[in-house]
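Take a look at the structures listed below.
Shared between the two complexes below is chain A, which pairs with chain B and chain C, respectively.
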Partner chain A sequence: MSPENEKYIEVSAPDFSRKCAEYSRRHFLRMMFAADERELDGHFRVYAVFSPAGCDRFDILTMKLKEDNLSYESITPLVPAAHWYEREMRDMFGIIPSGHPDARPLIMHGMYGDVYPLRRDVTAAGIKNAVDLSREDGYSFMNVKGEGVYEIPVGPVHAGIIEPGHFRFSAVGETIYHLDPRLFFTHKGTEKLFESVGFEKGAQLAERISGVSSFSHSSAYCMAVERTAGIEISPRAKAVRTLIIELERLYNHIGDIGNMCAGTGFAVGYAKGAILKEELMALNERLTGSRYLRGINVTGGVTRDVFEDADEIISVLDGVKRGFKDFMEFLLDSVSHTERLEGTGLLSREIALRMGATGPAARASGISDDIRRAHPHLSYGSLIFEAHTYLKGDVYSRMMVRRDEVECSFSIIDSLMERRHEGELGTSINEIMAGRSALGYTEGPRGSIFYWIKAAGDGKPLRVKVRSASFCNWPLLSYAIHGNIVPDFPLVNKSFNLSYSGCDL
Partner chain B sequence: MEKLQFMLILLLSPLAQGIIKKLKAMMQGRRGTPVLQPYYDLARLFKKDMTIPGTASWIFHAAPYVVFASVLAASMLVPVFSAGGRPSGLLAGGGGFFGMGDIIAIIYTLALGRFFMALGGLDAGTVFGGEGSSREMTVAILVEPSMMLAIFTVAAASGSTNLGVIANSGNFFFSPAHVLALAAFFVAVIAETGRIPVDNPDTHLELTMIHEGMLLEYSGKYLAVMEWAHYMKQMLLFTLAADLFFPYGIAGAGAGAGIGIAAAGFWAGKMLALCFGMALVESTRAKMRFFQLPSLLGAAFVLSALSMITFVMTGK
Partner chain C sequence: MFRHIFLNFFCKKPAIGMDAIRAVTGGATGEWAGGPARLDAAFRRSIRIRQVDAGSCNACEWECTALGNPIYDVSRFGIDFVASPRHADVILVTGPVSLGMAGALKKTYLAVPEPKIVIACGDCAKDGGVYRDAYGVLDGAASVVPVDGYIPGCPPSPAAIMKCIMDILESAAK
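And then the complex of A and B:
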């Protein structure tokens, strides 16, 4: 029924938290979510996806909850990485994790009434009716008390052109004691929308979840649909996807390294990074017609074989390779810049591990976890590459992880170019049976991206769960910034490169 | 004509800002905005309505005027291209405003402006204003001693704290004390004008702002006045540097119009050189971590102290 590397383990509700704690000792918690499966068997279900380190397997713990008793013992006290997932389930489904240390709503801000948007019987009109803009927003930020402690409220409207997010700093002088971020100001209801657009059109929706991760998202989504349908795409389509995922990583990482220069006020470094990024995005446009690599992924394959433009890719990447080498030498020689990065925004391995960090942020803190290696998919199984880790967990490490990964992406693209890839671009997908489900995943520029799809009886999804990298990494910011000074916050923030849109679906 | 030389600072300071921006853009491989952009910005701001924070008191309204007036008053005391006759004071009717051009008076007239700018930032009642003000005062405390000591070295060499005399002395050739004092003064000018590595004038990151933070709640005419005052202060400090450390090509007493124009040309050349220097520093360095500023400004103080000691020991 389900793909062979997914193992569903049915657990009774009272045992759930104990079982999760047991698994979390040797497994990474990949995601946790709920689904309203009343139309299938009359129950709500909670899933917790674990994967053991060094083994391509997903152990998915699942439990049934009856509608009249949607409460279970929270796993957050034992598995801290679950904290946002559980709050999300409470907001979206009304499933109560009793004993969760944070009772505040996460996604549903004060203007929403008692409505649980992801329940299948709740309609868009129902959600709209429940909104009352005059309702009191009773959100309380965490207070730090003591002499000389003051609060700095920043946002949700910022001086630069970025998405909304509120940051409440508690500081003594310039030193930050605590950061309490509040996000989810622009909830779009994407997961709900997936349920009505159908499997095929969902690929376009997935592309629009997060601009600079468009291709990773659509790849993970398409993979989930294909696995749910039980089909395998051709090696050629896999190679195209692999190539473009790496192209996406390239422009992101190079742009991020440049953006860190904006955080230190290093204008020339920023400009150099922007030039390289632009060359890559212009290449994207020539290859796919979209600077953000949209319109290539469809369920069952890809629309275009970009290997036809191999010469163009090789010539542009040759230039970028040289430019990037000079760029990194220039940055590492600029002591005034690197000095700002070293020791700033420390994230310890312990916290990164327990809080479920992912992507470059996790690898910079010494966690060797890369979905491309841990769960080989697309063409990654036939490629040889490393997961690049650094031990210190500061801004400098996060820059260096990205540098190493850029070089790694260059070599992955080179090896893909050397081979011939056979097969059709697209594979047709038959009707997907109700009740089938599967995961789709990949390693995007910001970290792992997971999709979980379960089919309903009407040829549409019953539930599409999206777990972007930023959802895991946003809460880490509070830990990384602790003890730093206020003017360093933008720099630390940039080193994580978090997405508001990718987090607030 | 000498009495009106401050008009050069009043009218040309936005141009200097535009030139620095253009140079920076070129060094960063960008095309940049036109050099006249600061004029367009001021014209646009003067036409706009203002948004005043509900909590603002009279200080918020007074600050732009005090800031602008103090910078303008200081400009009047500085010999731009002509040091005129012997200083005999304004009241005596001879010479120009420079007769009152005491360097200490100039520095502390500017300090009055800064004080009110910081008050204005606090009075707006927002976090970023308060943050900017507190950081500005922290920096000011660190900058002032090195600036004053550097100036005293030059003053001691010329035997007067009157800028007219210093600029007119013309006998202050390069000496170790001179070079050390210049280095200290240059750092102080960077800090006073809010440039990298002390502050970042181009940032949109409100949490890192110093000067921009204090101005964040100002809009329309008030903002125009504040910005213009800032441009003037920048050019005034450049002119001070030119007067103190490169006192060549400044017209003396009773000089004819021809010499006056040539001297103005000299001055323009010095301004361009300083603009270039600023743009170069800003493009080659990242901003310093805020708590490391004391080391930079402390180094500037040590340089100025050394210059004073060198002067006392070598007598030149």
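And then the complex of A and C:
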């Protein structure tokens, strides 16, 4: 039994790629992953989660693979959005997508050797024993050849206070011809860790997957656990989650708009954005005890009713609203700033769609997709708002999408505050039966976040799949940066606001 | 004087950040409780920090970034975050040290000229924090580099990071 809007469709392995291609024509590919379900029925399984545009339903194509033949025909040539997912499955399970255009590893760096960490018979201790830190990574970067082409290697420890990643630019003069990123330096083994910490403590781990998306991640995680358990949380708990998700969006988007100023060397703009963000962070702390909104989400509900502090929320947000309006007027009047944003870091609608972009990055390229509307959850079903889109796909559009969404979040919070929300804060969860599974999802500040959980027989998860927004959006950066000058890289990068930790897991 | 600058800057209410700082330092005037003087004695009011993310969730970094905003503005105490380890006096490590970052952390440490100080920022960097039992981590900064001091918290607030950096530097200077 699975939640109402999830439809599992069993497909035979030889048909899988053709079926996926068929679905991808009218559906968004939300995620793709594998699970080692040998303890349940002796098989590995691959899942591809599609959702039809404009319909609250998930069509989940799934196929079984036997241990002695873990290869199938890659879907990437037909569904390019699957490219990282398939490489991920190859690294984590040893499932081979034959015919995949990129044979390089994605997640596992050289020191790990040949282990498939997410197989259930592989233990954390076993993986650690096999590690040899002196083993070279041996990753082969894509080379661009030709007269005047030179490479700029950057990272993993690179400028400023930032997460680690390696970027290999192939440039001609100042113009970037190609960017080949090598990520996953912060891979920690989080998905495997979820399997051992159990359902309840998993919420704390989900909060720590990506710092500034703490609340969206834990909301999606808790939702997945609740749906797996077959319980529904109270309207009050839902409203609290909705409100805090919007608070998280606010501080992120306003902070991001400010950070883009750092990308153009516009110090005053950066400072103004940082002050507004700080006011919101301080509000977060007063409401939840954590600047990153941690400690509120638990499986089965929330720990606090933040509506009790409605006056505080209203008065702070009033100030921030005014401040934000002035801030945007100031930025849009600063030609030296906007001029750098317009036409920079173009991401076409075609590429965004085919590569599976999500969040503000997708909406700035004209894709009207927002999980809050596509799959109404929490209190979103009873709220009226739209998915804000821009058409051009440049840095400027990504800023403007965020501006519109900030205003939208203000009004969502206002309408939540006008209502009464009934019910208990927490709902108890009984034991979750082995083999049950469900999705959890939400629209975080960076885009859609998905979790998929399946229960094992020992009262713990058999598999927790985490799909953060940045996992979808990282590969887009190489497309957006093509043809831009090297000094614009920080700006374009900031306009996507990608998480390393959320992607590397 | 600092208070004056702050009030001018925000035009409105007293800065939230300064309240927070007052709360940790117990200073009532809004001026760092003896901060600059202490720093002066130890490092002649010039500390350069290279922050290294060794697999953090990124919240610790955002708090370090916040230190540079107009509310906390650590540069007025002579503290700055720098890009090159060659310019640094202090390495501030965040994260449990993922296997992928172990080598890079070591190299960064070696690139910092002597005398140098290593600070582990956040619960992860102390002992692995929530990631302690994960297969891809080394249980804290001390497993790769010698650590001089710890900043507790998940994440520690900007004010706490500031206070702890001061304390650690002071005790290291003795």
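Basically, the second predicted complex is superposed on the first by the 504 of 505 C-alpha atoms of A that agree within 3 Å, B and C clash if a C-alpha of one lies under 4 Å from a C-alpha of the other, contacts with A are read in each partner's own complex, and residues count from 1 in each chain.
Definition applied: a contact is a pair of C-beta atoms (placed from the backbone, for glycine too) under 8 Å apart; a residue touches a chain by one contact, two chains touch by 3 or more.
Source: prediction; values computed, not measured.
Of the two partner chains placed by superposition, only chain B is touched by A:Phe489; chain C is not.
Of the two partner chains placed around the shared chain by superposition, chain C is the only one that A:Tyr112 touches, whereas chain B remains out of contact. In the superposition on chain A, A:Gly269 makes contact with chain B only, while chain C stays out of contact range.
Of the two partner chains placed around the shared chain by superposition, chain C is the only one that A:Pro156 touches, whereas chain B remains out of contact. By the document's definition of touching, neither partner reaches A:Ser234: not chain B, not chain C. Once chain A of one complex is fitted onto chain A of the other, the partner contacts of A:Val212 are limited to chain C, with no touch recorded for chain B. Touch criterion met: A:Gly189 reaches chain C, while chain B stays clear of it.
In the superposed pair of complexes, A:Glu279 makes contact with chain C only, with no contact to chain B. Partner contacting the larger number of chain A residues, of chain B and chain C: C.
Look at A:Arg340: by the touch rule set out above, it reaches chain B but stays clear of chain C. In the superposition on chain A, the residues of chain A touched by chain B in one structure and by chain C in the other are 158-160, 271, 275. By the touch rule above, chain B contacts chain A in their complex via residues 24, 27-30, 127, 131, 196-197, 200, 202-208, 216, 282-291.
Within the complex formed with chain B, the residues of chain A that make contact are 152-154, 158-160, 174, 261-272, 275, 334, 336-337, 339-340, 344, 485-490. Chain contact summary for the complex, chain C toward chain A: residues 10, 12, 16-17, 20, 51-66, 69-71, 81, 83, 85, 95-96, 98-105, 107-108, 129-131, 133-137, 154-155, 157.
Chain A meets chain C in the complex at residues 109, 111-112, 117, 124-125, 127-128, 131, 133, 156-164, 184-190, 192-193, 196-197, 204-205, 208-212, 214, 271, 274-275, 277-279, 281-282, 285, 291-292, 294, 319, 499-502, 504.
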